[in-house]
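These notes concern the structure reproduced below.
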Amino acid sequence: MIKVNRYEDINNIENEAKKDYIDRHSPFVHCEKSAKAGDVFQVTVKMGEEYTHPDDLDHHIATIALYNGQTKLAESNFFAGALGGQGKKGHQTITFNIVLEKNAKLTAQSYCTKHGLWESGVIAVEVK
Amino acid sequence: MIKVNRYEDINNIENEAKKDYIDRHSPFVHCEKSAKAGDVFQVTVKMGEEYTHPDDLDHHIATIALYNGQTKLAESNFFAGALGGQGKKGHQTITFNIVLEKNAKLTAQSYCTKHGLWESGVIAVEVK
Amino acid sequence: MIKVNRYEDINNIENEAKKDYIDRHSPFVHCEKSAKAGDVFQVTVKMGEEYTHPDDLDHHIATIALYNGQTKLAESNFFAGALGGQGKKGHQTITFNIVLEKNAKLTAQSYCTKHGLWESGVIAVEVK
Amino acid sequence: MIKVNRYEDINNIENEAKKDYIDRHSPFVHCEKSAKAGDVFQVTVKMGEEYTHPDDLDHHIATIALYNGQTKLAESNFFAGALGGQGKKGHQTITFNIVLEKNAKLTAQSYCTKHGLWESGVIAVEVK
């Protein structure tokens, strides 16, 4: 079974290494809470809030996908080196521009070449 | 939460439409049960055993990915039309050629543009 | 041979349909002309300047890739529907956040499901 | 401009390193010369005929795409390690199963993380 890791609130975690591990691998969906039907709506997915992730050849964020419910809207693949390369760290970040016609539930899923699949919480967007 | 649908043995299902739905959306990993370390090892992933899936513009198999444990080895994306197009049906099928160095646990994950993510059972491969 | 269509200045084109065809299929790289080594650098790739592209099931922008020289940095795949769906049009747009360590030459390549591969001009970025 | 390298007959090349370089980076399309309309038709794309390519983290075949004319049918992405990993070499190979309804012109394009885009010759398939 392919495990999908899910975000846990790192404020409830005491172990520093575990906080870092969870935060840097978790995609966070950043967008407004409401959208106008038919308008362009920006959705940024950023890896980690407080901790950065390596951009090493054998350990980098390779994919960030954006879903609305069970439907994939878009998927970005990244090569190691895009965030500075070996020895460097960063928050892999991508901004999608989508158009919503009705209420949406956005979720991001990411893939780390060393630590597998991770999933954000669900962000509800009210569309008027 | 992005749902990952998993295979259920369709012999235990009576409803014909449900049998069809589950079978045609499930990736099946076909390979030998043992491999020689360092040798090329063929792994075929085929969608469905008994039931075929549409190749329609709004409803087709868009992705088949192959994992070893939690590590993605390869991923194939398909455009509608590759299996004949609108009104046609088929078993989307892809053959990867990988090299294993130690025991592996292969799993395939697929994405249908209408019915989301589906995952195969895990196939253990003994590597000598 | 797979044709890669390249941007032509539409101001030099008189035929309105041809202007529309070329503009809406061309990726444009938008970014600053200089960057600070090691800093996050935003690069937006937007399809078309004046004309929008359909988001139809059989005719949509499926991919935007970003290259530095001959090296692919990242690639985004889009499903039809992300820009409103059948009958709607838009400028598919994606913002990458990269880190440059030395002078770069950025080029974007896109794929339309009906009209194939298209390439932007090269944008030189001086890195200090 | 993103360069697309094209196969040159290595029998006409004397320099051994250049023969190796060109052959190992070139995708070759292997399939029958004719197909039956509506039937499943196997197309194997294999990198190199005589020379193998590294599967190193910083140097591996990352993508093989299959086109019919200017239309992309499918694309496979590979992670380093799928052919044995660091220090190992191989012919990355993928078998697609497509359905053709009329005469086709198949071309493969591949991407090496160090040496960019490469394109096969065009294989004409007569469909009856």
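We just call them A, B, C and D in the order they show up, numbering each chain from 1.
Here is the rule we use: a contact is a pair of C-beta atoms (placed from the backbone, for glycine too) under 8 Å apart; a residue touches a chain by one contact, two chains touch by 3 or more.
The model shown is predicted, which means the values in this text are computed figures rather than measured ones.
Novice: Which chains does chain A share as contact partners with chain B?
Specialist: C, D
Novice: Report which of C-D and B-C is connected by more C-beta pairs in contact.
Specialist: Most contacts of the two pairs: C-D.
Novice: With chain centres defined as C-alpha means, what is the inter-centre distance between chain C and chain D in Å?
Specialist: 25
Novice: What whole-Å value do you get for the distance between chain B and chain C if each is reduced to the mean of its CA atoms?
Specialist: 32
Novice: Using the touch rule from the top of the page, what residues of chain B touch 2 or more other chains?
Specialist: 62, 71-72, 77, 79, 113
Novice: Can you list the residues on chain A that touch chain C in the complex?
Specialist: 38, 40, 44, 55, 71-79, 81-85, 88, 90-99, 101
Novice: In their shared complex, at which residues does chain A touch chain D?
Specialist: 57-58, 62, 77, 79-80, 113
Novice: Quick check on the complex: what are the chain A residues that touch chain B?
Specialist: These residues of chain A touch chain B: 1-4, 6, 62, 67, 70-72, 107, 109, 111, 113, 115-117, 119, 122.
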